[in-house]
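Look for chain A in each of the two complexes below; its partner is chain B in the first and chain C in the second.
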Partner chain A sequence: MLQIHNRYHRYLNRTGWGFIAPALAFYLVFMLYPIGSSLFLVTQKWRGMSREFVGLGNFVRMAHDQVFWKALGHNFLFMAIQIPLMVFLAMVIAVILHQGIKRFRGIFRTIYFLPVVTSLVAYSILFRILLQSNGLLNNFLHSLKLITEPIGWLNDPFWAKVTIILALTWRWTGYNMVFFLVGLQNINKEIYEAAEVDGASQIRQFFTITLPLLTPVILFSLVTSTSGTMQLFDEPNVLTWEGGPANATMTAALYIYRQAFVLNSDFGYASALSYVMVIIAAVLAFIQIKVLKERN
Partner chain B sequence: MKKGLVLFLAVLMIAVSFMSCSNKEAKAGAPQKLTVWCWDPNFNGYSMGKAVEVYQASHPDVEIEIVDVPDNIEGKIEAGLQAGGAGLPDISLFQDYIIEKFVQNYPGAFVDLKAEGIDHSQFAQYKVAPMTDGDKIYGIPFDTGSTGLFLRTDIISAAGLNPDDYQKSMTWSEVIALGEKVKAATGMPLIAYDNTSFDFLRIMVQSTGTQFFDNSGNVMYDTPAVKKSLAYIKEMDDKGILFMAEGWNNWVAAFNNDQSAGLMNALWIIGTLKSKPENAGKWMVVPTPIVEGVANAQAASNNGGSSWYVLSATKNKDLAVDFLKSTWAGTTPEALGFYNEILKGAGAMGTFLPSRSGSNYTAKDEFFYKSQAVYKDFSAWMEKVPVLYYTPNYTAMRTALGNAMQGMLSGNITTVDGVIDAAAAEYKQTTGN
Partner chain C sequence: MAIVRSKMTPGWFFLLVLFVIGAVLSLFPFIWMVIGMTQNPNDVVAGKLIPGHEFALNWQKISTTYETVSFFINSMKIAVITVILGIAVNSLAAFGFEKYPSKARDRVFGVLLLTLIIPQMAIVIPLFKEISFMKLLNTHAAIILPSVMSVFIIFFLRQNFKMFPTEIMEAARVDGAGELSIFVFIVIPTMKATFASASIYMFLTQWNSYLWPLMTILTDKMKTLPIAMFSVMRAYTIEYGGLMILVCISTFPILVLFLAMQKQFVQGLTGSVK
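Coming up: the complex of A and B.
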């Protein structure tokens, strides 16, 4: 009896409970309750205030909803192309800033980080002006005789995807670059000195010293970017007019929002779609954690 | 991350405590206050501001705050209705096609203004119909979206044609013939077309007195009006008569900066035209072209237009109703005067029929070719706008057809039937109906 008391009495520590009570209250109200109630939501077909029990009907409906699966496909497409491109660029810029440039380093760092703190709406309007058919970019390419017909950066289903990838890269490269800069500063200079004494070239130093020692940063970048791209919403919503043209840049998160607040007021179906997204994100996170653990 | 959360919660708590403070003040008998949501401060906000001035002249103790909600006002109202009315204003403006969805999905969310004594027979009936549910009528109609075809007479002249020959009601075939001549002579497309918008097709189809639904409100894309309208759009695109603009700003630039010779839209675009004073004397407006070969096709249509609604969650229902009744539905000289004023000031034409006696409704407008009395024309066309219902599924319907139409204009879908099939398939998938 006493033993049991000893084993469990730490769970009954009132002071401890008192300390975590505020956090726990917020957790219950803002995390557990929404998750629990959303389990109820997915069984409902909603039309605003009126709702009707459909059991797993929302998931059956989802199976036929090609717009959603196409949107989810776009998430993976953006992930597969944009993230490697961005992480590579971020690393290259960080290395150049760290080793190659001696003057104005701070200015360059600021310039590359600026897109992160720029207003999304402002930059979307600028991008639209630059990218429209008779815009600056097409005129520039035309004057270089690289193209004969204007490219539909916003109008063409293929090029609109390219635009989203470019916009994301523009916005987030500087953000990731900061992590690489920190990573580079943490590499001991003596390692490079030793390598130089051994006669290793700059390129060789990069591949055998810099790159392996930056692996944790690369993984961190990949993990955060993956979850960011999984939830991608802003660019397709603002830059390409709600996932246009003709759903060519529709993403899962944007489609869920539109189901709830634009198209049908169907919060049940939107919740069901969210569950699918959460499961996919969880699987991705699980894989990444595994990879990270193996590395460590 | 954690720090951010803490900061956020702290801000939230401070905000909440401020909010509860202000509530207490209101209860203590301070001046009465109404909140109004609308978008576009130069048009809707301006017009509501004038109504507020009229009301405050006789009710100096009433404060009315106009809040600019630039983006997705319907979504914000929906979020508030889901939350049982929390955070909603007393009065809100939204587009006419939304109300049927709100009435179906949120019964009782809006105050029945007919029961409050508003005489809706004084308003244009095509505006009253969608907000009517049985013997209840929910809103106060605001502006008309009476449409026309705006043409640049100087460009038509430059093509060796006489603009006066075209200042008449035309069919789409005649417009296309004009477009080909202008294109051949000047290289300029006749009409600026916004590829991200549904407006163009909507104007064409509604001019035939139909929508995109059958009699019981189910979506029906396969109608003569839709097919014929899509065929005309495709023909114009194939012949290079349309300037394919990407979004609103690009579209405005297309007709204000001499990249196309015209546009088709509602009268509320006049303010945008006038933002380019160099074009004074160059524009003319002709009636909406007729979609020939479709029964009941006529030279009038409607695009856009919105109405004022009182939310049932309001704590100031009587005040809100009295404010609307004595301004937007008022026949006092002051009320009619403000209708006359917003027509000149913002190009906002109300649908309150007694207000049409105002001097600005018949005034000649120097900005237009040969000082055309454009508001007189639009007002006359408004009378011909047919009564149309939007059904609760208008947004989903529009999204699916708009996407299919973009497919047609980018060349991925080559036939009109293909567009209709693609739209029907997407509609079925996105609504589950």
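Coming up: the complex of A and C.
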């Protein structure tokens, strides 16, 4: 009896491995192997087809690469400004939809979610055309007499950053709103009824009930947006064109791409730079796990 | 009804106006891309909002200069094959991890999750060298193969498989069903919504992917819509009207998918959050 039992367990165990085998094969070839081989890549310097061993030379070179650190700084700048703005907006919209404009909730939810449907390249192109100096937005602002000179949405270093922030907010606010709507639906209505009986105002209810209970959603939104903004690539490459003007919207990922594919085809140096992104991503993930664990 | 009306204070009305403005901002690019298709290039750039009559001309110009139809077919073919292979590979893996528990496999799953934090850029640089060594550059296989296995999809499906009762599997085994047929004939039909969500997510990710095709595809004929739009944009004279056609072609299949399957769509995009 025991023998049959053991044999059956071995059979199930083999089946388990069998089921995950195809995925593991893909994982080994297209994930683990590249990760491993990058350990070799970083020690090399490429000049066209030829390469030479430089040891840690790429890391030394990186330390003096001001454009890269500036690009990385832009990632953090976008994180610091765009993410709080968007998460706040998403939360406010969700709360109002949930409590106030009940009748049109479905239609607003659908419309606000819609921007996520566009491809990053498609919406970047649309924004690029709309934001040209003689484009629709400047014409519109001009006709309202809000501006006298066209704003350089794409050619001014400051406004180009604003453009990226606006574009990201346009595309992702509705996406984050959905998380808040789900979070709000999970809050027990009786808590509000009790607060109502106690005579708590709507504003007070928001700060004492809604906000604390939404904290997990806020954290989740912050976490997912942080990792997305860390990898920001499509918008600065298409919308503000190759990180322009004059590298004002250059991001780390875009700079690495350009090192490997546009400027020098130096894959060793590009790999070394990407290690910095891995380290930052790991630190961010570590912090996030810590924070999420503490909340639970 | 009375309650709704009593809530329509000036404050709420003001909010409603703000929400309508927000909705217009959300919708505007969609409306404008349709109008833009019909205009002559100067009107597109100037952002005129009145439809023109040059759709046929725009189409003719863009499709004589670029392989417009190929772009669509390439994108569709790559996305569909990725979804079919990806759902097969990832759902089997998720099922194996969840319903055949073992310490060793849990450790493997832990390693998979760990690599989830590695930024895409750090993987595609060495991956490019590998793909070029495999002589796969400028093929659609170069785009499809690396995106078949997705740790995120395995994680998503595994979370959902937790809800599938193991007793049903036991009962099927007593009836003599093999493990694979349990999965194919019992699990898949009962979890259609989950599979739909995962498929939509994979389709959308591949349909919109830009960075990796930009690296691996070199000739016009092989291009997908996102990189094709990028090359139209970087041409010396930009065919704005035709570009708007491409933008529409790349947006509307997803839009239709979204409107037809809103629930699964949102679920797929927002992951396992319940």
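We take it that the second predicted complex is superposed on the first by the 271 of 296 C-alpha atoms of A that agree within 3 Å, B and C clash if a C-alpha of one lies under 4 Å from a C-alpha of the other, contacts with A are read in each partner's own complex, and residues count from 1 in each chain.
Convention: a contact is a pair of C-beta atoms (placed from the backbone, for glycine too) under 8 Å apart; a residue touches a chain by one contact, two chains touch by 3 or more.
Just so it is clear, the structure is predicted and the values come from calculations on it, not from any experiment.
With the two structures aligned on chain A, chain B clashes with chain C. Touch counts on chain A: comparing chain C and chain B, the chain ahead is C. Once chain A of one complex is fitted onto chain A of the other, the partner contacts of A:N247 are limited to chain B, with no touch recorded for chain C.
In the overlay built on the shared chain, the residue A:L154 is in contact with chain B alone; chain C does not reach it. Once the two complexes are overlaid on the shared chain, A:Q231 sits against chain C while remaining clear of chain B.
When both complexes are overlaid on chain A, the residue A:L263 reaches chain B alone and has no touch with chain C. Once chain A of one complex is fitted onto chain A of the other, the partner contacts of A:Y175 are limited to chain C, with no touch recorded for chain B.
Judged by the touch definition given at the top, the superposed model places A:R61 against chain B, while chain C stays out of reach.
Of the two partner chains, chain B is the only one touched by A:S50; chain C is not. In the overlay built on the shared chain, the residue A:S133 is in contact with chain B alone; chain C does not reach it. Overlaying the two complexes on chain A leaves one chain B stretch of 77-85, 239-247 or 329-337 clashing with chain C, which is 77-85. Put simply, chain A uses residues 26, 125, 128-129, 132, 134, 261, 267 to touch chain B in one complex and chain C in the other.
Residue ranges on chain B touching chain A, taken from their complex, read 9, 72, 74-75, 78-79, 81-82, 101-102, 104-107, 195-196, 244-247, 249-250, 259, 392-393, 395-396, 399, 403-404, 406-407, 410, 412, 425-426, 428-432.
For chain A in complex with chain B, the residues that touch the partner chain are 26, 45, 47-50, 61, 64-68, 125, 128-129, 132-134, 152, 154-157, 241, 244-247, 258-259, 261-267, 269.
Across the interface of their complex, chain A is touched by residues 4, 7, 12, 15-16, 19, 22-23, 25-27, 29-30, 32-33, 36, 44-47, 88-90, 92-93, 95-97, 99-102, 105, 108, 112, 115, 117-123, 125-130, 145-146, 148-149, 154, 179, 183, 207-208, 210-211, 215, 225-227, 229-230, 233, 240, 243, 247, 250-251, 254-255, 258, 262, 266, 269-270, 273-274 of chain C. By the touch criterion stated above, chain A contacts chain C in their complex at residues 12-13, 15-20, 22-24, 26-27, 29-35, 37-38, 41, 93, 96-97, 100-104, 108, 110-123, 125-130, 132, 134-137, 139-140, 170, 174-175, 178-179, 182, 220, 227, 230-231, 233-234, 237-238, 252-253, 256-257, 260-261, 267, 270-271, 274-275, 277-278, 281-282, 285.
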